[in-house]
Amino acid sequence: MDFQHSAKAQDYIQRVRAFIRDEIEPIEEDYLRELHSRENKWVVLPIIEELKAKAKAAGLWNLFFPNEEHGVGLSNLEYAPLAELTGRSFIAPEVFNCNAPDTGNMEVLEKYGTPEQQEQWLKPLMAGEIRSAFCMTEPGVASSDATNMQATAMVEGDEIVLNGRKWWSTGIGHPNCKVGIFMGLTNPDAPRHQQHSMVLFPMDAPGVTIERMLPVFGHYDEPYGHGEIRFDNVRVPAGNMIAGPGRGFEIAQGRLGPGRIHHCMRLIGMAEKALELMCIRASERTAFRKPLVNLGGNRDIIANARMNIEQARLLVLKAAWMIDKVGAAGAMSEISQIKVIAPNMAQEIIDAAMQIHGGGGLSDDFPLAAMFAGARALRLADGPDEVHRGLIAKIEMIKYKAHMAHD
Amino acid sequence: MDFQHSAKAQDYIQRVRAFIRDEIEPIEEDYLRELHSRENKWVVLPIIEELKAKAKAAGLWNLFFPNEEHGVGLSNLEYAPLAELTGRSFIAPEVFNCNAPDTGNMEVLEKYGTPEQQEQWLKPLMAGEIRSAFCMTEPGVASSDATNMQATAMVEGDEIVLNGRKWWSTGIGHPNCKVGIFMGLTNPDAPRHQQHSMVLFPMDAPGVTIERMLPVFGHYDEPYGHGEIRFDNVRVPAGNMIAGPGRGFEIAQGRLGPGRIHHCMRLIGMAEKALELMCIRASERTAFRKPLVNLGGNRDIIANARMNIEQARLLVLKAAWMIDKVGAAGAMSEISQIKVIAPNMAQEIIDAAMQIHGGGGLSDDFPLAAMFAGARALRLADGPDEVHRGLIAKIEMIKYKAHMAHD
Amino acid sequence: MDFQHSAKAQDYIQRVRAFIRDEIEPIEEDYLRELHSRENKWVVLPIIEELKAKAKAAGLWNLFFPNEEHGVGLSNLEYAPLAELTGRSFIAPEVFNCNAPDTGNMEVLEKYGTPEQQEQWLKPLMAGEIRSAFCMTEPGVASSDATNMQATAMVEGDEIVLNGRKWWSTGIGHPNCKVGIFMGLTNPDAPRHQQHSMVLFPMDAPGVTIERMLPVFGHYDEPYGHGEIRFDNVRVPAGNMIAGPGRGFEIAQGRLGPGRIHHCMRLIGMAEKALELMCIRASERTAFRKPLVNLGGNRDIIANARMNIEQARLLVLKAAWMIDKVGAAGAMSEISQIKVIAPNMAQEIIDAAMQIHGGGGLSDDFPLAAMFAGARALRLADGPDEVHRGLIAKIEMIKYKAHMAHD
Amino acid sequence: MDFQHSAKAQDYIQRVRAFIRDEIEPIEEDYLRELHSRENKWVVLPIIEELKAKAKAAGLWNLFFPNEEHGVGLSNLEYAPLAELTGRSFIAPEVFNCNAPDTGNMEVLEKYGTPEQQEQWLKPLMAGEIRSAFCMTEPGVASSDATNMQATAMVEGDEIVLNGRKWWSTGIGHPNCKVGIFMGLTNPDAPRHQQHSMVLFPMDAPGVTIERMLPVFGHYDEPYGHGEIRFDNVRVPAGNMIAGPGRGFEIAQGRLGPGRIHHCMRLIGMAEKALELMCIRASERTAFRKPLVNLGGNRDIIANARMNIEQARLLVLKAAWMIDKVGAAGAMSEISQIKVIAPNMAQEIIDAAMQIHGGGGLSDDFPLAAMFAGARALRLADGPDEVHRGLIAKIEMIKYKAHMAHD
């Protein structure tokens, strides 16, 4: 057992930290102000492409890919501290071509895609030339139970016909979003977890309509955004099916393992950032003739934040290590654990940071409100807390099967 | 001891409930959709004035005023259940002319205003013809310690000169907002709580500049809003001073007692509304072949919400009763208690309701995100939780003075 | 609505408070030391009988009885503040003949007892000459579901035969405990809530064996105690049946309403006592050159305790008022609510008080450890938190029946 | 970074686990029943010495010593999982000669002891022939601030004279307890952290009086126990001073680092045991026709327990690793973090396990009540939560010195 990052990881940590410090932090506030001043916020400002080019040139590109062919060959465990660093910024993930949902989509295409699919979609995604969406959640049903999904992906000859309505499709607002993965019902008569398929669709396919973009606590997260899409008889070639009919859940399971980890890593960074802002504000502001940090229970809040971050980070690293060692399937409990822990931990610390910032903390003068929205949303995205707790308990109870009374 | 509302209160409860059910609920969703579709949201849509007229005609007007001359003569205790009912809606408070900060401002003018001030400002406020703002919090200092305030209200001959910067001035965005109460430093050499004064200023006075409107979790609360205002040598007649120089804190204390109670009453209603939405959603949606309410700990969440609402409501009612019996000064601990309890309770229940709504709960499809922003903001407005907890402990410890070791 | 106690209640509050202050508090510590120094702690020390005589002479006797025939005619609402006062002391409840489970048993006998049962058992209980037990919980099954009970009370001619094993029968260790109420299965074929009966049995009946006394966190609560009893073909006359065969649940429901309230009232008093001890210790002790109360988050802990006590007390009073107005059946949710809230609130405050007392708080130098055990046990006794939360949610959901999806 | 234990650690884990499973678990319940049935519980039953001999023969002895000379040469990180295993049992720590406070005392003697002190005390301690105590906490002052200590250790010629009163001296009740370490004031005029010294004293020295043993929630933890000791002019040779006058705090700091870690490791094991008992009970018992585990929020409780244990364990391992790498001084924040996290986590899980056990959980039929007492006590022993939180915050704030406003 060893808590020190590998030499390779340490090297990347230093480089990513330096890049963020030198290239991103100095411009992020201006970038956000500029973006938010625009009438149309669904744009890519030039600075983003410049930064992407610089990152690519510096070899800080596709860091999340665990193999050397596509990425830099970092394990999930090695990537974790980098994802954490990018979680401190709203734009860093894209700058390093490591943002959701593209990362997950790229992994799916790399693992399950045909050569044609890889050529058409994976290559430009890896080059950062296009972006993608993932369409799973539906407005009409409790999508926490994914088998509830009612949208259909019916094979008709050499075409697949998509119908239905999806929402919370992240990234759909981005002007470069060119492709999406649609998950839908292909065979309602198959066993419960073999009814659904994943199908690639071009964003400009006839019948695809973005009905509206959805706010999260009033934040639209431009230019990525979360959208509601209608699919009306959208016809795509049969070759757009990923892996094969009925394999949707199998792919989703593999996709969501690392994907959830990435979110959680970034949440650790977000929580660190919130704690940092909290400590600075608590030092600078005075009330009743004392810096806020010396008032009431504020030091307890800081200590609790530190403890909760440390614990959550270690659990995320452990989960990443397990995915590396035994795969996502063998790390199911750990993945669910961090999926519950990380956003709740982050939400609580951000809330405390807001409180110490007073009214300012609620406004957009600080990144806290947007961070809160992000953390809060991740208590639902990729499975709500409740489903993950249920899974953790289920796995725990396997040990006690012999004791179980009959229902 | 008796937990039944007075006959008079019961009568008003029935009438206000019926009015909200028959006149407000049927149109509120449409109203909000219409407002949010506008380019300029800082407007009063005609339906609001219509509803105000109906409410006035029905005798449901200025309900908060505890005397019969200005209102309908309900005590704070009797007004509480009515404020709770209005807390279920975003527009009901204005419809009954019972919305903050006008209520507090009207009470100040009624209690401390000169006949001229009352004629000029109280009368149109009571008639619902104009609206008002209250300018206390400042961006540059921790306003949780009100003695930190640095804006100045200097008497120069027969004029008062206002300078400084205020923010989180609620209601400033309303097109009818015509007057504000400015709290500023008049005499820096006086004892700590006698340095500040309250001064009336017309919104259109030269030197008053609304620099910007502030979002709370991305919500601007149009058409009321919260603004940042700059005062540059704003000159108003000496007759605009309320009560007299140095009496700012004295008035603020009296103003905030009932004001805090009103907020808390409305939060109870908001929490009830959130619980209602939670129970409905948990009944209607199914996952894993069961209604959500029958899954996991959801029933515990509902039970806890019910218990916390009941407790908070009783504490708010008790605090209202104490203000009626012994005045705000004698109810200081109780007022601070509900000021801590009510928004925290509401925030937690709204958060739980969002969770059961899934992604939808985060969007504007439901009122939950806006309610969350409102409840969260009230953990800071009118004094942050921390200050109120400190005050409660201070009052508690008075009993133990004789035991206190020397510091 | 009125938060002031009735004149009658106020008079009793003053008298009970004075009695406790003048007669009980001065001797309680000595009494406990004396008792705990005894080899055999299952004794009634003379001071107890002296105090009982004084209380009876002062008219402070059977205060819990809501009618004038048997008690002093205080409503549940009026009795609440008195029970709260007695909750501050381990012996006060018995001194005023108001201790569990005798109070509940007396109420059962008064309401459902035959004249013979009343003559034989109610009269000496009311006189404080004997004590009683209530035997419901069983070691072999989850008694949170009372229909699980397996002990039997079979009618055989003019006798009833009791068999089975009960535990957590409180008061069974008391030397004056002469009678118990046994709840057992009489008719396994009846509908689920009409299978059980309540039967009176003399403690010295052949076949009744106290197997052992049970500690709660190491406390045996002498001389009352909680015992495990074996019933081997215990034969009692058919006249010992209360109300009639199969009416056990009906009686239990009525019995437990006020009984739960009494426990909760006492817990409020216990919490107040703990807060008092906490404030005194936090004032007297210094660390890092400051009284503990001025360190870290200690004032927040005190403020939170004050708020939670206030809220819980009001909810208990409201529940008592509802029992008075509409009966226990109409106050089911409120009774369950306080049954959850009061012990959890008390446990948390006592735990915090222990923490401020340091090591001493864990020992028997302070009453805190015993109080903790008492509060903790009440999260299980008379129904665990979980069952009560379930009931609260069930009642809440009745309003939403129309919305419920099919399971 | 690697989350797999070293081969050496894995080997010991297997052997310790097997020893506990084969030798200790089968007899522990009988042992405790036998001990508790004794009139005098302050005895060493023969089985203990037998087990010690077996453990020693198996090479499972003094596992905690980080060097090969005295122990088996396991690092703190490697010892952690072994300590965790011993934490599942009340007797395992002594069986492996790894119990507090002997471990800490042995480390002090090894690091700071003179050859004479080592010969006289360390050798028999390491052989498990004698046991020891550590006397620091005092009843008269808040010992959370160790500089409050008032007992004196005055050097008079070639003797040291000990005076004062200590309590919560653990192990003092053990019949083999032969020596103690006394911490007392030697030079009141020295700087604050150089006034105290550590001095060895034989338990049978004239003037040493064990006044009483102290219960923790009614548990005396026989035969170890926690005692209150009076020192009246206890004279020991000057050679009993450890390290030198005024070095008490320096030694304490080093002693408490690993000592705190050991406690926390055992708490992890205790929490695992509680979770195990909880899952078994929740499987076996049924209510409302379902196993308890399928009722209400019980699965959430299990999931939360699993997550909190995992997180706490990782933090303890990280702290152990840091002590190994940079020493206790460099791991101050991490040590304080686990000292707060571990007992609170364990207390909460044990409390939840009790709840699922119903009444039985409160009694001595299960180890839960004793475990609760142990975990609760560790929120105070070796520094209360509050002091550790304060230290964590202090270390955190060092980064923000430049931002600090003047007080």
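Letters A, B, C and D mark the chains in the order given here, with residues in each chain numbered from 1 onward.
Here is the rule we use: a residue touches a chain if its C-beta (ideal position, glycine included) is under 8 Å from a C-beta of that chain, and two chains touch if they have at least 3 such contacts.
For each chain, UniProt lists the protein as follows: A, B, C, D = Acyl-CoA dehydrogenase.
Please read these numbers as outputs of a predicted model, since none were measured by experiment.
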Between subunit A and subunit D, which partner chains are common? B, C
What is the chain whose Cα centre is as far as it gets from that of subunit C? A
Length of the line joining the C-alpha centres of subunit B and subunit C, rounded to whole Å: 42
Roughly how many whole angstrom separate the Cα centroids of subunit B and subunit D? 52
Distance from the CA centroid of subunit A to that of subunit B, rounded to the nearest Å? 37
Going by the contact rule already set, what residues in subunit C reach two or more other chains? 285-286, 296-297, 299-300, 386, 389-390
For the complex, give me every residue of subunit C touching subunit D. 137, 139, 141-145, 148, 167-168, 214-219, 285-288, 292, 295-298, 351, 354-355, 358-364, 369, 372-373, 376-377, 379-381, 384-386, 389-390
Would you mind writing out the residues of subunit C in touch with subunit A in their complex? 296-297, 299-300
Applying the document's contact rule, which stretches of subunit D touch subunit A when the two form their complex? 1-6, 9, 77, 275, 279-280, 283-286, 289-291, 293-294, 299-300, 302-304, 306-307, 310-312, 314-315, 317-318, 321-322, 333-334, 337, 340-341, 386, 388-390, 392-394, 396-397, 399-400, 403-405, 407
